[in-house]
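Two complexes follow with chain A in common, the first pairing it with chain B and the second with chain C.
On to the complex of A and B.
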């Protein structure tokens, strides 16, 4: 049975902070960061936005493109490392808001930055097995870096949602793989406010080993080569890593640019490569092949090969385009406002 | 101190989460939130209808001194929004400089956090208007 994406949607908050604004507070050289990480600004969630609100809006946009009855959704998976509750699922709120309850299987997933693609992997497999008619997978995060840490320059907010099914596909799933090892490159212990990372160990032995490993597995499984793809998108912890991974894997810059959002979006963690995929679908043509590889610290990568169908042209305009959300209606905030919005200011009783 | 009762919050999910309104079987008037008796014809039978999330600002005010649950958001705009199907709701307008709000401004409703019961209590979600 053919399975794939029936509808997709993205949500990017309107607020932004420029890298120079952060660097000025911590006495860092903004130009070094902009050049070294290829980052210019990042999205900032408002005080009334969180993983749940962004997931609901992205999912409603996916529903608008899928044009299905929400009660036919048999599974809802929300992947995030910033669920609003420590105990109580985000997925129940999302499913209730969409009108998918009560006949629905639901779980919150967590795997650093790849929790979103984990849900996609499961959703596709459940539809393929015939267990459910439609399944929703969301990747969303409002990530935090410790003040002054390198992560603070990239940790951003955004969400992407995909509804999987076996008919009316906009993109057919050709193959999916997972490449995983135990690699302690980034973590957050219980009750800790900010994550810790292992500096340069997050690069070659972590990000590159797993993204390139998953890409190799996908190419071997499908018998395809980089030239057979119109687009490729990799996890985007900054602007530099996904371009480098893509080039090491044999892709050209033109194949990577459509889904490369991080220089102006930052790292949306569980939303990163999924939001990149939505930007690609916004401009892909029927027959285009897309390679997508996520990465989550800890560590692992999920890889997917999609082929775009004719239906893409019918559904594209049914919801806001991802690039439009990234480029338009931006509200720039100062570091002071950012610190307030992100709860970094200690308040009185 | 607890300010949000989870049972009450949950009772309002259909209208707060899904914008479910009630259309009177007898006269067709739409009530939001749903009522037991139609304010137009006193009918008692209704069908559930979802509100259209698009509309325009009818009138508004800017809150400079907010309740403790919203003091971190001041100044913010609170508006009466007329939705495409004629229903009027009162809600905040998010993602906008309050000085830029104007009557007739097109808006759409988006799912947002409305308030939370301190750091340990429940989070109440619902809809706010954002510039369309």
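On to the complex of A and C.
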């Protein structure tokens, strides 16, 4: 049975903070960060935006493109490392808001930055097994870096949602793989407010090993080569890593650019490569083949090969395009406003 | 005193070696040196390591590494003298052979630095400064060397570009060294425009954080002749060590390194040689300013002329007196405890004529200078091709 994406949607908050604004506060050299990380600005969630609200909006947009009855959604998976509640699922709120309850299986997923693609992996497999007709997978985050830490320059907010099914596909799933080892490069223990990371160890032995490992597995499994793809998108913790991974894997810049959002979006964690995929679907042509590889610290990568169908042209306009959300209507905030919005200011008792 | 020769050299992988621990790196270097010497037993082991306790929570390296090598039973000693630990480990090994305590000694150095964050690494290295008189007040090594650079610039007119040329030269050398951590060439502009660490020093004036190990096999000269297999025999002709006031603020002059001068005088005297006899040198360029002050302190140029040595090409490969043909600490990397041993590995390789693209032609006498802190410990070795 052919399975794949029936509808997709993205949500990017309007607020942005420039890297220079953050660097000035900490006395850091903005040019070094902009050049070194290829990052210029990042999205900031407003006080009424969190992982659940962004997930709901992205999912409603996916529903608008899928044009299905929400009660036919038999599974809802919300992947995030910034679920609003430590105990109480995000997924129940999302499923309720969409009208998918009560005949629905629901779980919140967590795997650092790859919780979103984990949900996609599971949703595709559940549909393929015939257990459910449609399944929703969301990757969303409002991630935080400790003030002044390198992560503060990249940790951003955004969401992407995908409804999986076996008919009326906009993109057929050709293959999916998972490449995972126990590699502790980034973590946050219970009661820790901000995550910790292992500096440069997060690069070569963590991000690159796993993204390139998953890419290799996908190419071996499908017998495809980089030139067979119209587009490729990799997890984007900053602007530099996904381009380097793509090039190391044998892709050209033109294949990577459509899904490369991080220089102006930041790292949306569980949303990163999923949002990149939505930007690609916004401009892909029927027959185009897309490679997507996520990365989550800890560490692992999920990889997918998609082929776009004729139906893409019918659904594209049914919801806001991802690039439009990224490029238009931006509201720049100061570090003071950013600190307030991110709860970094200690309030009175 | 018996004559001592270097009969084996070995290096581990150098760089950010994520998949190897301290013992693995050390064993790579030790086995390479033993293979190079054609030996499978030694009488004694010395290990130079600055602060494995702070870097990886491991002390007691002598027994640990003898055990790792399958040589439990052999006497093995860790030697510590901050960033000069490796050079002093070589001196200790030399003394054992020269005194007749051992015929064959495995001299090693190792540091595993990337298991901790950059901040923790800086703090660990700062333990080589005076904790009460310097570190307590916030001093770090980049800051201390930056003060030396400013003083040298003020006294001698040394320029920002001349500092940069040291890094440019050493990267050009390192680009020819398959063992170097950073093999890319850089420009003066790159150095000056790089992120500032402690003005006037930028990140490209500083040696990197490196995992790595180095090893030498020393033997009594008669044993060495039997092991030579046609290769030139490299003799340790001179050894000199000295100390200085540890805190920079206690010194009369920020632009000189008296311990380096003393150690060099002692080594030259023992070798019955002088600076003019040296064909190449490996010196402790932990920061660009260090190489400038060190070449002056060694007597390889006149005081105040250290700044123009790299920029004039005199200390570049092909110049009159190549300094740091390996790439130096700057490009080859600086696993602190291993550095002093690795300097002797490079000079030995050069004196054997086996340095490939970075070979200094006709090299028969080489010098190593390895120092700890802001130069409060220095050890100098003079190596020569034995006749």
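In this text, the second predicted complex is superposed on the first by the 349 of 349 C-alpha atoms of A that agree within 3 Å, B and C clash if a C-alpha of one lies under 4 Å from a C-alpha of the other, contacts with A are read in each partner's own complex, and residues count from 1 in each chain.
Everything that follows uses one rule, which is that a residue touches a chain if its C-beta (ideal position, glycine included) is under 8 Å from a C-beta of that chain, and two chains touch if they have at least 3 such contacts.
Quantities reported herein were computed from a predicted structural model and do not represent experimental measurements.
> If chain A is used to align the two complexes, do chain B and chain C fit next to each other or clash?
On the superposed model, which is not a single observed complex, chain B and chain C fit side by side.
> So, does A:50 touch the first partner chain B, the second partner chain C, both, or neither?
first
> So, does A:199 touch the first partner chain B, the second partner chain C, both, or neither?
second
> Looking at the overlay, what does A:187 touch: chain B (first), chain C (second), both, or neither?
Touch partners of A:187: none, neither chain B nor chain C.
> Once the shared chain is lined up, is A:29 touching chain B (first), chain C (second), both, or neither of them?
Touch status of A:29: second partner only.
> With both complexes superposed on chain A, which partner does A:96 reach: first (chain B), second (chain C), both or neither?
In the superposition, A:96 touches chain B alone.
> Between chain B and chain C, whom does A:340 touch in the aligned arrangement: first, second, both, or neither?
A:340 contacts chain B only, not chain C.
> Which chain makes contact with more of the residues of chain A, chain B or else chain C?
Ranking chain B and chain C by residues of chain A touched puts B first.
> Considering only C-alpha centres, what angle arises at chain A between the directions to chain B and chain C, nearest 10 degrees?
Result: 140 degrees at the vertex chain A.
> Just to be sure I read the superposition right, which of the two partners does A:331 touch: chain B = first, chain C = second, or both, or neither?
In the superposed model, A:331 contacts chain B only, not chain C.
> Once both structures are aligned on chain A, how many angstrom separate the closest C-alpha atoms of chain B and chain C?
Taking the overlay as described at the top, chain B lies 33 Å from chain C at its nearest C-alpha.
> Take the contacts of chain A with chain B and those with chain C, and give the residues found in both.
Common to the two interfaces on chain A: nothing.
> In their shared complex, at which residues does chain C touch chain A?
So the residues of chain C in touch with chain A come to 16, 18-19, 114, 117-118, 195-196.
> For chain A, which residues are in contact with chain B within the complex?
Where chain A meets chain B, its residues are 14-15, 46-50, 52-53, 56-57, 60, 84-85, 93, 96-97, 99, 329, 331, 340.
> Along chain A, where are the residues that touch chain C in the complex?
My answer: residues 29, 32, 198-201, 204-205.
> Taking the complex as given, what residues does chain B use to touch chain A?
13, 17-18, 72-73, 94-95, 110-114, 123, 125, 128, 131
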